[in-house]
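Each of the two complexes below includes chain A, the first together with chain B, the second together with chain C.
For the complex of A and B:
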């Protein structure tokens, strides 16, 4: 707070100068960059019409919380970066009075506008170009709710920087709730695994978007050599509040491919050991900080606000700014003074009702937020939902665990199932049921989901209400017949349907739906999750229950430790199998095998052996019974794949390799071939897979071998003899 | 305490040749003029663990060890010396004597451990946690911080070599992850579910497995029986137990789900839950309860010795030199001797010539004679050695009955029993096997000499 009284020094443009401020008598003003665009599509379709930062969170736009906090944290100057719907954001800043504030004791807010930014990286590059940041700054996005004190974190950051100029960033992290399943699901975002040095709090490893395909967290050995001890955290939340040095901006400019703050920037810095930049963490021990990243975190944070975890950012304290008075009643019920509430209506704990709203008889409102100027009819049940301003809900409706935007009209008997999002001005017809997890908007779903797109929509459709592209859609028949416990008793199949487009689930996919929607996580999912915990532990290593003896444990390890050649052979075989089954083009097959050869850094000759082995194996699988059929299928297979084989038998050495491999197969792996050796050899000769030179050399080499090794030479003696004679004849003829 | 102790005393280790031989098995190798095994046995006696099985590799070695033990510990310990065939590995040796194990818990200690960590403390931790196995972890030795420059090479001081990578839970009680052997140099892979289950895990690469374990007998025997291929406790048995510990009981799934507004919590019955929760909510009384409830899986615990404790294993010639130096130097309390005011021990029966100095951190055992103008620094000299004049001995170990003639210089070397050093021979960083004769005037540097 002490920083507030300081006058602002060192304004004006100019590149960020890290060491400059040492010379200044006064410390430079504390600056903040607020990104008023999340550059994601998580809040679609609502964000088509209004920027995310202006969406109301318990009556107040999110950006209001962020700005209020920044001011209270002692920030002198904030730059609001707006991109999509930038004029709406700017308009808001002006209207709410943030933009006009100037002078000592309050925070100056400047809007920075850019229309071609598609990521946080772009935004920071724009900020850098403007040259407005001169010292360390706070990087935050406009959807972050916090009441933490920045003093300690800032002090830590500054001290660290004095000692080590490479410490460019301090990330604020927070312990999440201590339960296995709610660690990460609470806010609906991706799991984060972090490795932190317990002494210095340096961040060593960061992984978000931890999809389950990676069962293991892999920490580079170099990290461990430099840090003998580190903490692996899965129980931390990233608050997305960063204290950055000005170098951060130039880093973004230098690395123009950095887009995402975490995925690219943080990981990029951690991996890069040339520059040696370091990122530190600051653990938030008291205070609140959370970012609204998706619908679930919207739900969670709203509840936290209502339950006053974010004090003083709570409805009855800050709403007084707008003069719409809201008072806290018992059981966490906030009610504006001019609410018209029927006596028989019941408002449950932890609910908020905005001013000018009227609620009819026998209504039930539980754990919900209802905005201003709403009209709610009789016998309405609202449970765990967020109803924004000016919504009309007619008699007998049921809304559970859904988000209903401003201007929506629910006609009598409509049922909104959990997890729905009804965007602005959508109408739901009489007795229509909106199926769970649907997203309805007056705007059609853009086919190309791209943030650029959002921009265009923002510009063209901002005043969309004038001519909404109406499209009456009948909701799904069987969904509409969901039996209702309405007092009315009768229930008709939807007649009017829904006005608006029903969006198909976008990039998040159905699988992620449950994770990020407002609807509570279904029980089955929780059990599944829990099950997964024990399941995966079982599969973690091959050895199973300690009470069951399993001998394959050791053999499994043996296979793993095998030499690369047998692995290679296996892979070639698998590739070949695929070619057999799926009809992979022969050229592609050759490409793939060559790729494998390079991957295992083996010789061409090894390839020949492996491919030959695969071909023979396929013949064996096809035959499986008598020697005659085996011979036949072998001939077929060789005929079919001779081109492939010939591709690998360019020199005598490689042909030799095939012969040796064949011999080895007969002796060891596939003894079925051994009686047929002498019969298959001519085939190989005929198909020009092996030349007579190779056969002769093979026979010669074997002459000095052990008796046991000569079995096959002897077996094919007749053929070799024939070859010799033919050769001599050729020679004679030539002479 | 119902603990049975197994001391794995080894045999005639290859790595320690030429110091060990048929006549001197590893267990009897003198460290500061005391057999190596006596350090472990004294330690066990101090912890009141008196029911011992000493396992020695090889019949002959077992006979020698047995003879020494019965004379030295006749009334003090109840020791049984068993011989097993050589090259079984630590797990193999345990398997061979598995039938002799009867107590509920087994303490396995390596006979080459020189430490002042009380095994009783490890045993108590083991009991308190009801663990399947408790391993003693100690800091990786950075050999002799004060003397690093002179004796043990500079590169070692720079970076202590990594011996183990361990994952511990928040309370540092439970062993969640262990990597040993050659895998230590690879990237660390930790199962994500494991981290999820415990919330946070501390990965340490500065701890080493000291080869002192407390096992629950039934579990140990099961593992030894089922995993016939396992040869090493450190490399195979312990990692296996750690890997399999978090598996929940097969009956699982009787967890109760509690759904509340927005925040849901699931209570599961598995081990995982106990691990992540009990330190948050429970005082120790409840912990016992939680432990008894957890069925199926077992738990692996760690006893982490504080940094100030001394804990080294004698498994290389380098460590032999280091331990000798430490036991007469900074860790002198281990030697069991009382040092004189000059910080050395000179047996009254020894004879010193004129102008001969024995520096601090030296031991001169009974019956040894030194001629004139000798100087001994930081060295151990055994019994009945005859040392002539003008001899310098620095940072070395001289065992018993060694004859050193005039003008010899010995630095950083180990000289075994009955060696004869003729005039003016110079040894630097050498190991001289028993009975060897170093010819007059010869110079040796970093060599290992032994009689053919």
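For the complex of A and C:
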């Protein structure tokens, strides 16, 4: 297959010389595979009713942007793979005129339908079986917005392939700095670490840091030895636009377990050195490309479109295809010609108002997109929100940073808090407040969700069809909806409360909602993150993602350089906590702690102190009610971890360190131990964590210290005395 | 400053001075005033349109978007309209010309809506409508004279407006009135009887000679179509060769050892300067680079290839250099009916600098750039905001656009307008293919190319 395509490409090069202005005039038609299904659940509950690619992004379905771009990029033939809601996608293609177009100069669009595909891998296997792809093709998902010129990237790909048939794929990447605070890109994705050969642009390593448990990047040493130079990037964004050779399809077929394009396919190819396939990158210099993967990226890309980064795919240019025509006014306000706008209504910068929409007196619309045929009453405040078509918003409503789908009805005085998603035709009653980050749909939440994202049957119709007639709205988890004022207990439809099911947030939990919602990150969260970065990054451990910055790349090094020891201590403590919780093998724990020690370039003695601190802390956490139980748990903990501690107390200095640490703890951080000092000290001696030499030296050192420092020496005077006597006895015995 | 007199006009000089042509006028008009240009006047898209070209035009409208530069756009539009005319099936209805015009209007409307900023599209659509009207009138004139016209006299009709010896004086006058006058009530009324006139003549001849009726009818429609296609072909030729008559005037304007300043790159300006150079004029050119697209760099290269002394300056240095400049010569995107110019961004600044130092500001523009509309709010409505990526690198500024940490509202806004509006009072002279004209004369020049009732290109609701 590859041979065939290559010979075609070679033959085409000569013939192409005749064509002048057409970008990519070549005899073998340029093909594209467009995945009209995201195979994720990020846009639920909306995607239960409409496929993601048909969701409007600033008035136009996302797929329209993608198809328009493909056509302008010179693609001759596009295969639209549709799975979930395939009839809707096909209907759209026919209605919008894409499907019927055929002939010179325009792109032929063919729908490929499958009902059992559950991942991008399956989709490509189906495409392969159809045998419609003959040459190199562009792989893109139907939610990608771009205006880049493919010419250079394609040329690069072709040239490379001529030289090296194993170069099967060119990934388009774009420079975009992730936020230092959240370690997210602007699109709400996790940052990606890539290693790229600066000369050949070959991709050597790819890791999206979805699971933040990775504190560092592990790069195979082969990569380092085989490449004289490589660049590590965490400031690149994956555009999810790939130029693929036909081999890619057969690779998917051969490796039937490849599901995800990046996590499986790309990583699989990079790891597999038997076949030797190579992936290259093309950095996008001028031009825009972004994929809408979650609500955050929906928000960001919408704003980019409004700010015209996607030119010419901007509302006033591209709207010619359908009827609505909008014009750009000053300050980035797009308004259709037939908008009924009250004189006292105020439309702020960077807003879009669709045709046939009426806006009443004293309304304020800021940074928002309002669809077609909406009716907005008086004194409505809409801020940073996306209102789709035919929405009715009655007087005095407030909508901020939310997504309101078509046909939604907000009754007077309703308040929609940031981050909400109201799916199609939901009704919100009078003076009802929809709490932040809630998702409301007329369809109930499918119960059989399994947590693994990849295995999920994205947007399939199954399990949805048997939705009960919604007489008993608010049934599913209605504790989340607290009608603000009139909690009168009546559940009549439409008079109060919300018509629709309130979806409980998935396994990500409410803690993570802020990451990918439309609403901006709340101030408190930002401050918290700021705090975490500037002071000590361990404080984030409640959310179970201890971050370790500055391991990653070239761009943002040295965010904080305060006391490395306290940081180290925190790290050790966290590691220890994990060991406690997950039952990590003690050997591994030692390894990890040693690793940390090396990373912070500290002494063995420091380690001892830190480990001891962690052990004691764990005892303290376990029981803190009375001194007796504390003593008991401490004894238990010391008993359990004595091997670990002993590992670090090989010399007297280290033992001293433990004692000093213990003293310090009693004085400063954990005063709970102070009355027990004298009782725990013998225990330490018994478990052979500290030797008598160490205790004696400690006592000697303290002799000359201040009175306040001697508290614990005095407290344990009896024990020291006993030790001394025992020593003398020993001496005597020996003599 | 030498201001060449306007070239001799076609024999229409005796007409009363045209009253205001385009401004909101007191005359009763069936059409909305043209100042509504900004607000779209679009009928629902013509999906149901039965013209075979209608579907292709919607894709071609996308093509028009892609074509850059008013010259290329004008050419493509003319070619498209020619194919529309040639594909148009002449029905047997009496008013052939009106049907043809309607077909053109339907496509033209879509084209204009596809790219309202590119005024050349509208200009060409209006020119074609004007051509149809003229050819129709000449055909009527022939009809009055009887069906004596032989096929070999066709060639005379191919040329666009001038020399039409066989026309009767009455028709010529009517035609000229039609072209130059505001759409008064009279012209509106005149517009309607055209069709009865044809049918009447046809029937009158038919009465006398029943046999020749159908044959004559058919041949006349075919001839109309043929003439229109030929005339559009002339129009395309005219667009193609518009640089020649303009650059012929270069020697008269550029004198020995003068310093010329220009902004950005205009092909018309380039040809103009080339022509002066070929005539052995020695002069120097300051090229303002024309941020953010820096087309001035390209122009500088081209000029140096021809051996012209060239200096590249930044746009912001224009004011500092203008005192050493003898003349500013620039291109335009469009010339409006009031003599105002839509030009690449930065031009207004250059014009103001030129005015401050009393340096002549000369605009060179082909006739396809003459737009019969008045600019209303041109800074916004006739402007186009391009992608900010011309100005900034997205990657470098991506950290300024983390909306999630900026409370939702973008803090960084980038505005990248394409055009400037230069008011007529800042323009010293226009050089078009018909010669040099002062801004206040532009409305009259424009009136020669367009019929007054085509200003708003919209399909008439056909009964």
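Everything below uses one rule, namely that the second predicted complex is superposed on the first by the 440 of 735 C-alpha atoms of A that agree within 3 Å, B and C clash if a C-alpha of one lies under 4 Å from a C-alpha of the other, contacts with A are read in each partner's own complex, and residues count from 1 in each chain.
Basically, contacts are C-beta pairs under 8 Å (C-beta built on N, C-alpha and C of every residue); 3 or more make two chains touch, one makes a residue touch a chain.
Bear in mind the structure is a predicted one, so any value in this text is a computation, not a measurement.
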Partner chain in contact with A:131 - chain B first, chain C second, else both or neither: neither
Which superposed partner A:639 touches (first chain B, second chain C, both, neither): neither
Which of chain B and chain C A:444 touches, first, second, both or neither: neither
First (chain B), second (chain C), both or neither touched by A:595: neither
Which of chain B and chain C A:303 touches, first, second, both or neither: both
Which of chain B and chain C A:221 touches, first, second, both or neither: first
Touching partner for A:232 - first (chain B), second (chain C), both, neither: first
Partner chain in contact with A:193 - chain B first, chain C second, else both or neither: first
Which of chain B and chain C A:350 touches, first, second, both or neither: both
Contacts on chain A seen with chain B and repeated with chain C across the two complexes: 177, 179, 181-182, 186, 235, 299-300, 303, 350, 367, 384, 520-521, 526
Contacting residues of chain A [partner chain C, same complex]: 71-72, 97, 101, 105-106, 147, 174-177, 179, 181-182, 184, 186, 188, 235, 285-288, 296, 299-300, 303-304, 307-312, 317, 320-321, 323, 325, 327-330, 332, 337, 349-350, 366-367, 383-384, 401, 519-521, 526
Chain A - residues contacting chain B, complex: 177-183, 186, 191, 193, 195, 198, 210, 212, 214-221, 224-225, 227-236, 299-300, 303, 350, 367, 384, 520-521, 523, 526-527, 529-534, 536-538, 540-541, 543, 545-547, 549-550, 553-554
Touching residues on chain C, where the partner in the complex is chain A: 38-40, 42, 44-45, 58-59, 61-63, 65-66, 113-114, 380-381, 385-389, 393-396, 398-399, 401-410, 413-414, 416
Touching residues on chain B, where the partner in the complex is chain A: 159, 162, 165, 167, 185-206, 219, 222-223, 225-227, 229, 240, 243-244, 246-248, 250, 252-253, 255, 257, 259, 261-266, 268, 270, 272-273, 276-277, 280, 298
